[in-house]
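Let me begin by presenting the structure, written as structure tokens, before commenting on it.
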Amino acid sequence: MNKDIDINVEYLTRVEGHGNIVVNTSNGNIETCEWQVVEAPRYFESLVVGRNWKELHHITSRICGICSIGHTLASLKATEDAMGIKISKQDELLRKLALHGENMQSHVLHVGYLVLPDLMSVGSVIPLASSHPEEVKTVIRLHRLANEMSKMMAGRTTHPQRLIPGGFSKIPTVEELEDLKKRLAASVEDLNTVADLLAQLAPGIPDFTRETEFISLKSDDEYALYDGYDFSSDTGKSDVHDYLDITNEYEVPQSTAKYTKNNRESYMVGALARLNNNYEQLTPLAKKVSEKLGLKPMNFNPYMNSVAQVVEIVHSVEDSIAIIDELLDKGLKPQKNFHRPDVKVKAGTGVGAVEVPRGILFHEYTYDDNGVCTKANCIIPTNQNHANIQLDMEKLVPEILDKTEKEIELTLEMLVRAYDPCISCSTHYVDVKFVE
Amino acid sequence: MKIIKKDDLDSFVDYLIGSDPREVVGVKERGSKYAFDKLKSSKELRLDYDVTILPPKKYLLPQRETLLKFKSNDKIKTEPVNEVNGRIIVGVHPYDLIAIEQMDRIFSEEPEDPNYLKKREATVLIGVNMKNTSERCFAGSMKTAFTQDGYDLMLTDLGGKYAVEIGTEKGKELLKKSGVALADAGEEDKKMIEEKKRSLTFESKINFEPSDLPELMKSNYDNDKFWEENADNCYSCGTCNLVCPTCYCFDVKDLMEVTLKEGSRIRQWDGCLLEHFAEVAGGENFREERAQRYRHRYMRKGLYLHNRFEDIACVGCGRCSSQCVPDIADPAEIFNKLKEGKI
Amino acid sequence: MNKTPYLPEDATILKITPMTERETLFEIELENGNTLGHQPGQFVEVSVPGVGEAPISISSSPTKDGNSFELCVRAVGNVTNILHGLKEGDNIGIRGPYGTGFPVDELKGKDVLFIAGGLGIAPLRSFINYALDKRDEFANVKILYGCREPCELLYEEEIDGWKERDDIEYLETVDRCPEGVCWEGNIGVITTLIPGIDIDLENTYAVICGPPIMYKFVLMELDKKNIPDERIILSLERHMKCGLGKCGHCQINGSNAEYYVCQDGPVFNYADIKGFEEAL
Amino acid sequence: MKQKIKPKVAFFDLAGCEGDQLQIANLEEKILDLLNLVEVVSFREVMKEHSDDYDIAFIEGSATNDHAEERLKEIRKNADIVVAIGACATIGGVNSIRNKQNHEEVGERVYGDNAELSELYISWEKAKPVDAVIKVDYKIHGCPIDRDEFLHVVESLVVGRVPNIPDYPVCVECKLNENVCAFEREEFCVGPVTRAGCDACCVNEGTRCWGCRGLIDNPNEEAHMEVLEEYGLTPEDVMKEFDLYFTWQKEARENE
């Protein structure tokens, strides 16, 4: 048993944004055990006030570079909800493809570039480029495909352009979609390679569980990503407009910032939450991969989030192929370039909820008669996970005190990384401090 | 002169698309405008267009073009590049044909520019007389609404059928090889063409003979007040240069791959309205003021190229005026104002 | 592929002679062994693959021994800076020679007054050395050379030779001399040298090259001396990209005519461009 | 061109969305070429190792608090060349929209009116680009940066030349791509005063130029404001068009 440990990870690496891990024990007693978020605030909810409805998605896309398509979609849905704008079925399918593209891109980046080095005991993907060139090239190929798909759907890989209120300014051609489908189908081999590699490395995934609540979108028709109702593994179904009842930002005595909680002290969002809640709706191949990797609902090991991401990559590939088939079967309705959907501007409040790579995301806007935003609220997945990370750490640290300080540090880093936190995303900051 | 039925013209175009090894491009819709683009079917072709965003010069002097390629192992090897694609361009209006003839003169002047000339040789130009004119077009008064040469074939829409004038052997061959049905034009048809030509109207015009332009420009070179007033809202964005069928200035720059093993020297369209166009090392800029650059462009259109080639280097297409956002680039307006001595 | 005027010829740097902090003299030879075949006053496009091209005047006289030629380059930007980092034996590309040279034949038998400001000595030197090599083809030769500071004087050793010759007149000046620098010559801008020289009004040509600002003042002084415009020759620098009269950058215009400096120049007769707002 | 040195490079981030660093990950196979050209010694987003010994520092994000200022000064001390990457770092990005808002209200909108913030979150009233705090040698503009331009800058620095960053407006590239101008589609656009180099990517995709690469060195702002009004914007809306990305630049230029 370790008597005194002093872990102070300033600016945890290989995560998006800035967070610190601080753990101190003295004589085997835990004195500090903190997940601190030290990101400089960017005030998005204020930036958009006074801005025009046509710009909101452009601005809020900048909340996060990695899930900018997700933020754009949540933003568009909120604006469309507020003004009563309906989009066509075709546009909805195209948006789903855009979201799949981003989901794949983000998950490949996370698992392939950020998590893999831990499982292979190196500091980054850079040395792997020479020690495991084939594996790295496979990851790069998948990442490129996902990016090219995002670009095809959204116009750019990061901070999309084609996605606009009411639909699209430009849509892909039939040829482009056919080509994409072929490339997606051809990527299955690469996906299997990654799944096999992960299966091999699985023993390195820490065996830790803590029961918690999982929250995600859910839909009766599909594995919910673009649309659905709110769902909690504890309390069940609710309307997205009532998201505040779920997120319940509240203040805690030991912190000046806010927590989110629903039924328990904390809840988890993200790939594992989605998989736990919607497992049955995964595509066949995704289910098979999930089984192969030993992931079945309900799974309470947060480290398995990275595994769930791999399953979701497979799901996104398969589901994208199905969506493209549906689009082509129906016959892609052409649209002139530089298209601008008809939008009747009116006052109102709307909510947009989308599953982005890191979990459920909410945007809510209020507009005045001129379509100028008067109020906004954005609740980001990573924010919703902070409390869960903190509680995980509190349960985990006592269980691993017999390890070396280095091992403890790595295990904690891996825990936070498994959540794939996107801290610079966080618009509301949580400053968690626990002293035992 | 021959006559071809509308349907036969379509099959002729489809035949070219399907059987000719060359790329077939023509005028297609782009948003609410028109642009020359690769044709997949005659259905896409819009011979009734008013004006395209860019002139067909983009096929002869591409926006960006590689001149040289570098390869290096220990010693750098430099190779010339000239990507010549045989191309059939369908639907070129007369003013653009005239502009291409001007370009031909510039690039064939010694020392010849093979990158242009080789592309030009490999190009077939199928012209079409204007059916609709754009709001800002003043080709009528520039004497560029019709042309007798510069095309391989020339079409005129006669409603349900087209008149075809054969300009070159190349054009004749093309028709023959396709086996498309042609009839000889009768007196009726010829009259109808004249009628169509006569009825073509232009909303914009210059109020004097274009041949007076060089003198007019010369006498207004020092009209500083005029140039300054009119250039006040100029963004120096070069749009008026870039969209012009007779502007040909270019920049040359080198690009290198991150491997440092390969690179290229490219040329890219440039514009004399851009701020740094005439700047030399040390920061001296010989046309530093907006008004100087603005004047330079009109001088080039009306005077300088006339001195060099006897061309009036504005063919009246109206592209610059319709695409200049502050709307200060209309040659017809500027020329008329100068003529009337207004500011 | 057919010949294209955009393709540089391979050339080798034979010798590098640093001259001042910013200027270096490069002796260059074409790899095909040919001489460049230039006229004094012409220029070449120096190509560094991956970086770009720069027009540089040929600084050596065609009468120089051997096949090589010399360029005097000031490091001011990309191409010129990279050139300064090259070593003897390195390869570069050369296109040219381009442009009109000095009207050497027209000046035969005449008095020639060379006026060089700063780097302007580089193109003039090709003519000066030509005239010195064929001294009997020209009447009086006078050279005025000015720089900002003594440390900027170029071709010092060679100029020592000029100073010793009694068949030419050589005068130099600096705008200023920083303290502690030993300088016995004239101090003052180059125009201060002009009033003192004798000029045979019937027979003298002035040949000028220097920074843009210099022309204005030198021309004023020459005007005072009553040298007719037709007998003033000058060399201009403009932004140029192709050297072939196509890219349009180097065009200069007046109300009567316009020129492409790369083809119609860089050497001009003052009478042809006098009054051109864009020329001087 | 030959490589002179294999410089050590480090990446840093301040307040931003990390979209620019993502563009580097998005270089895909070219990352491997890049790694031949430079030695990455610090890149928190992708690697655990860190070193303070670097030649070139790439900085993403805006400076918004004292802590950022300290870090920047430290980076400037360590690096020979500092490169700001992305709109937040080069011109303040969307972060600087708030520079014109009332700072107290800004805090209230996000945290509610009775929020008492911990020290970590105390932010300057204004979000600043990097060059408002330390000297910056080069800027790679854009939101996000263009991957090819990033490579071009790295390659240029390695061979020792000045990168070629355009100083002409986006309209140039927009025309080269033969787009239908936003103004002909009843849209507004700040392309005429915005620095090109993005290949007009937003207009190409059917929208408009928002201004993320910042104002060119000598924009004709008055003309553009006049034109926007002629096209039907109120003077207030015209200001907003310019505030989306130009707030910091405009303020800095006015103070010059």
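Labels A, B, C and D are assigned to the chains in the order they are written; within every chain, residues are numbered from 1.
In this section, a residue touches a chain if its C-beta (ideal position, glycine included) is under 8 Å from a C-beta of that chain, and two chains touch if they have at least 3 such contacts.
What you see is a predicted model, and the numbers here were worked out from it, not measured in a lab.
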item	value
Most distant chain from chain A by Cα centroid	C
Contact-richer chain pair (by C-beta pairs counted) among A-D and A-B	A-D
Chain A and chain C: spacing of chain centres that average the CA atoms, whole Å	65
Centre-to-centre distance between chain D and chain A (centres being mean Cα positions), rounded to whole Å	25
Intercentroid distance (Cα basis), chain B paired with chain A, Å	50
Centroid distance [mean C-alpha coordinates] between chain D and chain B, Å	37
Of all residues in chain D, the ones touching two or more other chains	1, 159, 179-180, 185
For chain A, residues that touch 2 or more chains besides their own	337-338
Multi-chain contact residues (two or more partners), chain B	30-32, 72, 253, 255-256, 260, 263
Touching residues (chain side chain B, partner chain C) in the complex	67-68, 70, 72, 75-76, 78-82, 106-107, 109, 111-115, 118, 218-219, 221-222, 248-256, 260, 263, 265, 267, 270, 272, 277-282, 284, 286-287, 292, 296, 299, 304, 307-308
Chain D-touching residues of chain C, taken from the complex the two chains share	48-51, 77-78, 81-82, 85
Residues on chain B engaged by chain A in the complex (per definition of touch)	29-32
Residues of chain C touching chain B in the complex	1-8, 10, 47, 49-53, 76-77, 80, 91, 93, 211-212, 237-239, 241-242, 244-249, 251-258, 277-278
Complex contact set, residues of chain B against chain D	30-33, 35, 53-54, 58, 63-64, 72, 232-239, 242-243, 253, 255-260, 263, 268-269, 271, 274-276, 290, 323, 325-326
